[in-house]
Amino acid sequence: MLTAKLIDNIWATRKCESLNGLKFMLAEVIGGIEAGRRLIVVDTISAGIGDRVIVCTGSSARRMLDDDKIPVDAVVVGIIDEDCNFE
Amino acid sequence: MLTAKLIDNIWATRKCESLNGLKFMLAEVIGGIEAGRRLIVVDTISAGIGDRVIVCTGSSARRMLDDDKIPVDAVVVGIIDEDCNFE
Amino acid sequence: MLTAKLIDNIWATRKCESLNGLKFMLAEVIGGIEAGRRLIVVDTISAGIGDRVIVCTGSSARRMLDDDKIPVDAVVVGIIDEDCNFE
Amino acid sequence: MLTAKLIDNIWATRKCESLNGLKFMLAEVIGGIEAGRRLIVVDTISAGIGDRVIVCTGSSARRMLDDDKIPVDAVVVGIIDEDCNFE
Amino acid sequence: MLTAKLIDNIWATRKCESLNGLKFMLAEVIGGIEAGRRLIVVDTISAGIGDRVIVCTGSSARRMLDDDKIPVDAVVVGIIDEDCNFE
């Protein structure tokens, strides 16, 4: 999984029907040589802008959603505790 | 998913039969350290050159298409609203 | 998918049995910040050295082959038209 | 798989329910041009901070866990022997 | 697939049970802008240190092994012929 910070919301009125109702956010990888890499993630655990989160990618990301038929490849699976400091 | 801009059409007369009828476009990632990375995507929601789109990749991308047997690994799943400004 | 140019043939006499009879080629990504990235692809649509092709990767690549049991992660799915000029 | 060093623990109280009870750690890739790339991994074989480990990623990572429904894309599958020196 | 050179053996006494008996090797990508990227691969076709090999990654890699339940994401699928010179 990736360590990322949620930096903004993404709005897309025209989209694949199965994505209706999902919340899309822009995340930026933090730490390591991939810091600054950006990806769009789906959030289902009420994370907010500024939160540091754990992002799961690929086919595993769909496991977070009820429907395995959804075209989603990155999902917020956890919010890192505020008092969790890592190197 | 990736944030990308559609920059051109791609034409391939000779291709895998199951791809007949699909519309291929060239997309360029925008934002972050991967900005400028290019990939070919399939569009099924009538996106056009210049649109900023959400691109889903990998096995999840096939979920957008009716047929899971298709050799496609990147699909446009949404068009980002024109008035959506993100950092 | 990736935009790549086929640059050479790859010969491997000793290989996984299920790969017997497949044609392996060396492809180099063209365009964008990944230009110059190389990968070995399987060609089943009679592409040749010098052709610009569409390469599908990952589990989706196997969809091009008749047998989903084959250890292949990159396949040529289309040959870009010679008169197709993209940015 | 990747060669990585475990460098810290990651705590996330709020997370996807199916992840409860799993141990998350921050790993940093060692060796090669990807050295310094960081990812969050799940450990189920009692690895500790400082250990050099083998990390399996993608859908294969879920094979380590009992439940294929879990949104996990990177798992520690082995601890490299302390006396194993590689180039 | 990737073109890589096998550069060393990797020993991990403590590992996921399903991996017992498998031979792990350190491979380094050769050619292109990813040259120098390292990954751990499973070898089942008796490749040796110094061999140039074809490495299949991701879910496709498991196809080489008898058991699809194994947490492996990179496998040697072929040994490139010694007299095969590519650009």
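Note that the chains are named A, B, C, D and E in the order they appear, and that numbering of residues resets to 1 at the start of each chain.
The rule we apply is simple: a residue touches a chain if its C-beta (ideal position, glycine included) is under 8 Å from a C-beta of that chain, and two chains touch if they have at least 3 such contacts.
A quick map from chain label to UniProt name: A, B, C, D, E = Ethanolamine utilization protein EutN.
Here the structure is a predicted model, which means the values were calculated and not measured.
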Whole-Å gap separating subunit A and subunit D, where each centre is the average of the chain's CA atoms: 19
Rounded Å distance, subunit B centre to subunit E centre (Cα mean): 31
Sequence positions of subunit B contacting 2 or more other chains: 34, 58-59, 61-62
Touch-based graph of the chains, sorted into line, ring, star, complete or other: ring
Successive chains along the ring, subunit B then subunit C then the rest: B, C, E, D, A
Subunit D contact footprint on subunit A (complex, rising order): 1-3, 31-34, 45, 54, 56-64, 75, 77-81, 84, 86-87
Residues on subunit D engaged by subunit A in the complex (per definition of touch): 7-16, 18-19, 24, 26, 28, 34-41, 58-59, 61-62, 69-74
